[in-house]
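Two complexes are shown next, each including chain A; its partner changes from chain B in the first to chain C in the second.
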Partner chain A sequence: MSPSSKRHATIYWTGFGIIIALLIVAPLVLPEFWRRFLTEILIWGLLAMSSDILIGYTGMVSFGHSAFFGLGLYGAAAALLMVKPPNLWLAILYGLALSAGAALFVAYFATRLRDIYFAISTLIFSQIFYVAIFTLTEITGGENGLNFSRPQLGIPGVYTIPFTSESLHWFVLAVVTASYLILRRITQSPFGMVLQSIRENEARTRAIGYPVARYKIVAVMLSGLFAGLAGVLYAFQNRFAAPDFVLFLISGEVVIFNVLGGIGTLVGPILGAAFFLTMREFLSRLFPYLASYLNIPHLAEFPYLIPLGVVFILMVIFLPQGLLGFARRWLNR
Partner chain B sequence: MRTEALTVRFGGLSALNSVNFEVQRGEIRAIIGPNGAGKSTFFNCLTGVIGPTSGRILFNGQNIAGLPPNRISQKGIARSYQITNILPNATTLENVRIAAQSRRHAWSMLTHHADFHDIIDKAQAVLESVGLGEKADELAANLSHGEQRNLEIGIALATEPKLLCLDEPTAGMSASETHDTMQLVRRIATDLTILIVEHDMQVVMELAQRITVLHYGEILAEGTPAEIQKNPRVQEVYLKT
Partner chain C sequence: MGMFADIPWDIIAIQTVNGIVTGMILALVASGLTLIFGIMDVVNFAHGELFMLGAYIGAVVLVTSGSFWVALVVSTLTVALMGAALQVTTLRPLLGRDPLTTILATFGISLVLQNYALWHFGPVPRKIQEPITGQFELFYLVYPWYRVLIAVLSAAIIGGLYLFLKYGRYGVWIRATTQDRFMAQAMGIPVPWVHTGVFAIGAGMAAASGVLFGPLIGINHAMGLDWVLKAFIVVVVGGMGNLGGSIAASILVSLLEAYAVILVGYIYVGGQPLSPALAVVVPFIVLIVTLLFRPTGLFVPTPK
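Our next item is the complex of A and B:
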């Protein structure tokens, strides 16, 4: 190892350790609402990170990630409802199987298309899943969704403890951290290098001997699998599945998290999710607060999504690389 | 490598018309001809970018006509492009490394790319051979035009080809860069077959052992540089104009 890469590794892993340590301690000091809020940021962050594999590394924008997320969610719901007592690992298995199946289906057809056509086809596929879930009322509960109970943490029959909001946070943190480390390693592997080569120059990548279509299919499947994992975690967190989580609005938010945080960085999308969700929470409280403070009652109903949109537009104009775009090369070393 | 009655039609236009072409292992063969003669189409056909309308391309006895570019690359045919076609946002070394990696460990997912020393050594060796050893960590976009052209050849070489197709390798180069590139081609020609499309007649005459002249998608003449220079038909359609 050269001195510069040694220094890079030291700084990188120190920063990594500090952030993980803060996230471990956070639920002990945060009040219940913000504890749950932080857990949710991690889950949305995982979803955004999974889509970064396509957007940032392979150069394919997916507008269909809600489908993989939603199928992970419904898969986990199926396991939690059908198997008594609810089993954590079975829920993960069901969720991943369902999202992987959906990803294979979408990958097989959508990767034949490129650029905007790929994006649109992923959107269409996700809407197909949405309509299917919405209409298959007997299985999915339709519009009303499904309610289920949270499984216990541990190995059933050996040792289990019920989830508290702290231990659920730590569990989610562990899964998201492991996913990050795996995805980071994949992006740095020869396979990941091929994906980035496809992003830079698809025809050339094919000309030097890579079956580009197959790489794209595997990339979509990997991405869908981790998106499904986020859906499973969301099932544990909210104990509720609804068609709204399969709707394209979720996919749109995922793309926004990526753009805000910085595509092609993996951590950027998590930061983007944190920034966007915190901003939305802050703005939704700001106007009722201002209304009472300034004594203008109508101000409380001000649509707070408008200033959120303005913030988004300003960031795209003045920070087109996203919050962590400046560190892209450094983070990927 | 041999083609049999290779024909490519775009609509009513015959870009290549029943071309029978053969090149021996280890040869440097130049393909010349006026614009629109079918030189680039011929390369595109050999490398799978376009499929032939009819005819066969035999490479080491196997028909490779109509295979996709990645399969043809794996069979051992590489090319450099007329218009520089590299990964501009990657370093010089990364450009060559990704090409070298297409032969081994291509699907490896859980090991850091820097841990495959065989690939990095190979890439470094290729960079040395094309004279870019010092520029390994430079972004490809920051290289000079001539250096980018040589990187093109480096990327092709890193795939360990048996047949290398060079599409105007010296286009836009200064006289001294052209000289260096010719030296480079001679050096690498020791263990592979080279097809070269080139407009610079001096380069062609000095490098090639044999020359094939294409005209309107057909082979007009074939022979040593001296024979081609003396051929009256070639002079008529090409050399004098």
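Our next item is the complex of A and C:
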């Protein structure tokens, strides 16, 4: 190991340790609302990070991640409703199985197309799942969604403790951190290198002899699996599943998180999610305040998505690398 | 086909007319989308929102002016101008970059426009009164003339676009830019302004279809979503950037969906007929079949 890469490793892992330590301590000092808020950022961050495998590393923009997220959510819901008592690990298994199935279906068809065509077809395919969940009222509860109870932490029948909002936060943090480390390892593996070479030059990658189509299918499935995991975590957090979580607007937000935070960095999308959700909280408090201050009552309901949408458009034009783009090479070393 | 043998043929005829009418509206939306894609490599995610704004502006102008036709023209021109402004401010800086960035930018535009409409016009759907209320008898049903008029007007607008592209001076500029952007520039065609013009035309067509379709549905801020998704499907099925293909695909998909509404009622699962609501999956099935067997599009003469 050269001295410079040794120094890089020291700084990187120290920073990593500090951030994890802060996230472990955070629920102990934060009030209930912000504790839940932080947990939610981690969950959306995981979803955004899963999509970064496609957008940032393989060069395929997916507009269909809501389908994988939603099926993870509904899969967990199915396990929690059907199996008594609710089993944490079974919920994860069901959620991952459903999202993997959806990912295989989408990957098989959508990877036949490239670039924009891929983006549009993932969007359309995710809409198939939305329509299915919306219309199969007897199974999914249709528009009303499903309510279920939270499982307990531990091994059922041996030792279990109920989740508190602190321990749920730590559980989510552990899953998201493990996912980050796994995904980081994958992007640095030979497999991840092939994905990045598809991003840089697909024709040449194929000419060298790599089965590009198969690599793309595996990439979509990998991405879909982690998106499904985010859906499962969301089920534990909110104990509620609704078709709105499968709608492509969620996929759009995922893309926004990626662009805001910086694609191809894995942590960037989490930062993007944090930025977006914090701005949303801030703006939805700002406008009612401004409305009473300026005495324009209509302003109170001003949608936060208008200023955020404008920020997003400006970022696409002027800062396409995102907030963490400057550190992209460093983070991937 | 034994199980379908007792479908009355007059219902099939009615659904054929219905399918063609919705197909023509869809074709009007999709041809704007295709035009913009074919010439600028821009997938306009905000197309549904331009459709929605067109309908809203039409409803507002109709209230003040009292004339549907004034509303149609004013709404088309306003949204076309707005489209030009959007193109200059957000899409022109992206010229020459990865086409994927244009999806992101237009997605941002669609979020802003949709939320603005929700804030400005409120969540209660609005109505546009149809300009003609006459009806005629189609078998046992009374069928409104207005629906026929929509199909005819859509066909006229698309036909006008075709003639303009084929014979108009600026139409030739547009076709030249499609074929070779750099050569067109070298020949003195102001390519950036051609792009602006094309985006304006596409936006205007979306607005016109919004006003025309307004009387058949309630106007709300989310109405663009359904249409833009269907238009995307049609554009992929017809072959991206292929105007004739997307028109043919619009009519094909709408006809199949209209027939499926009847057919699913004759398919029994566990003694119960399937719900006609399931017919909405037809466009998706057409898309899957297209992607499996002819990913470049059904109506493209020679796949590249």
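Assume the second predicted complex is superposed on the first by the 323 of 333 C-alpha atoms of A that agree within 3 Å, B and C clash if a C-alpha of one lies under 4 Å from a C-alpha of the other, contacts with A are read in each partner's own complex, and residues count from 1 in each chain.
Convention: a residue touches a chain if its C-beta (ideal position, glycine included) is under 8 Å from a C-beta of that chain, and two chains touch if they have at least 3 such contacts.
Since this is a predicted model, take the numbers as computed values, not measurements.
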Query = Can A:Ile186 be said to touch chain B (first), chain C (second), both, or neither?
reply = first
Contacts of A:Phe171 with chain B and chain C, given as first, second, both or neither = neither
Ask   = Counting only touches as set out at the top, which of chain B and chain C does A:Val194 meet: first, second, both, neither?
value = first
Task = Mind telling me which of the two, chain B or chain C, contacts the most residues of chain A?
result = C
Message = Applying the document's definition of touch, where does A:Gly209 land relative to chain B and chain C: first, second, both, or neither?
response = first
Query = Between chain B and chain C, which residues of chain A are contacted by each of them?
reply = none
Key: Contact footprint of chain B on chain A as seen in their complex   = 182, 185-186, 188-194, 196-197, 200-201, 203-212
Remark   = Note: in the complex, chain C contacts chain A through residues 41, 43, 90, 93-94, 97, 99-101, 103-105, 107-109, 111-112, 115-116, 118-119, 229, 232-233, 236, 240, 275, 277-278, 280-281, 284, 287-288, 291-292, 295
Complex interface listing, chain B residues touching chain A = 47, 49, 68-71, 73-74, 78-79, 85-90, 94, 97-99, 101-103, 105-114, 116, 119, 155-156, 158-159
Key: chain A residues within the chain C interface of the complex   = 61, 63, 109-110, 112-113, 115-117, 119-121, 123-125, 127-128, 131, 135, 252, 255-256, 259, 301-303, 305-306, 308-310, 312-313, 316-317, 320
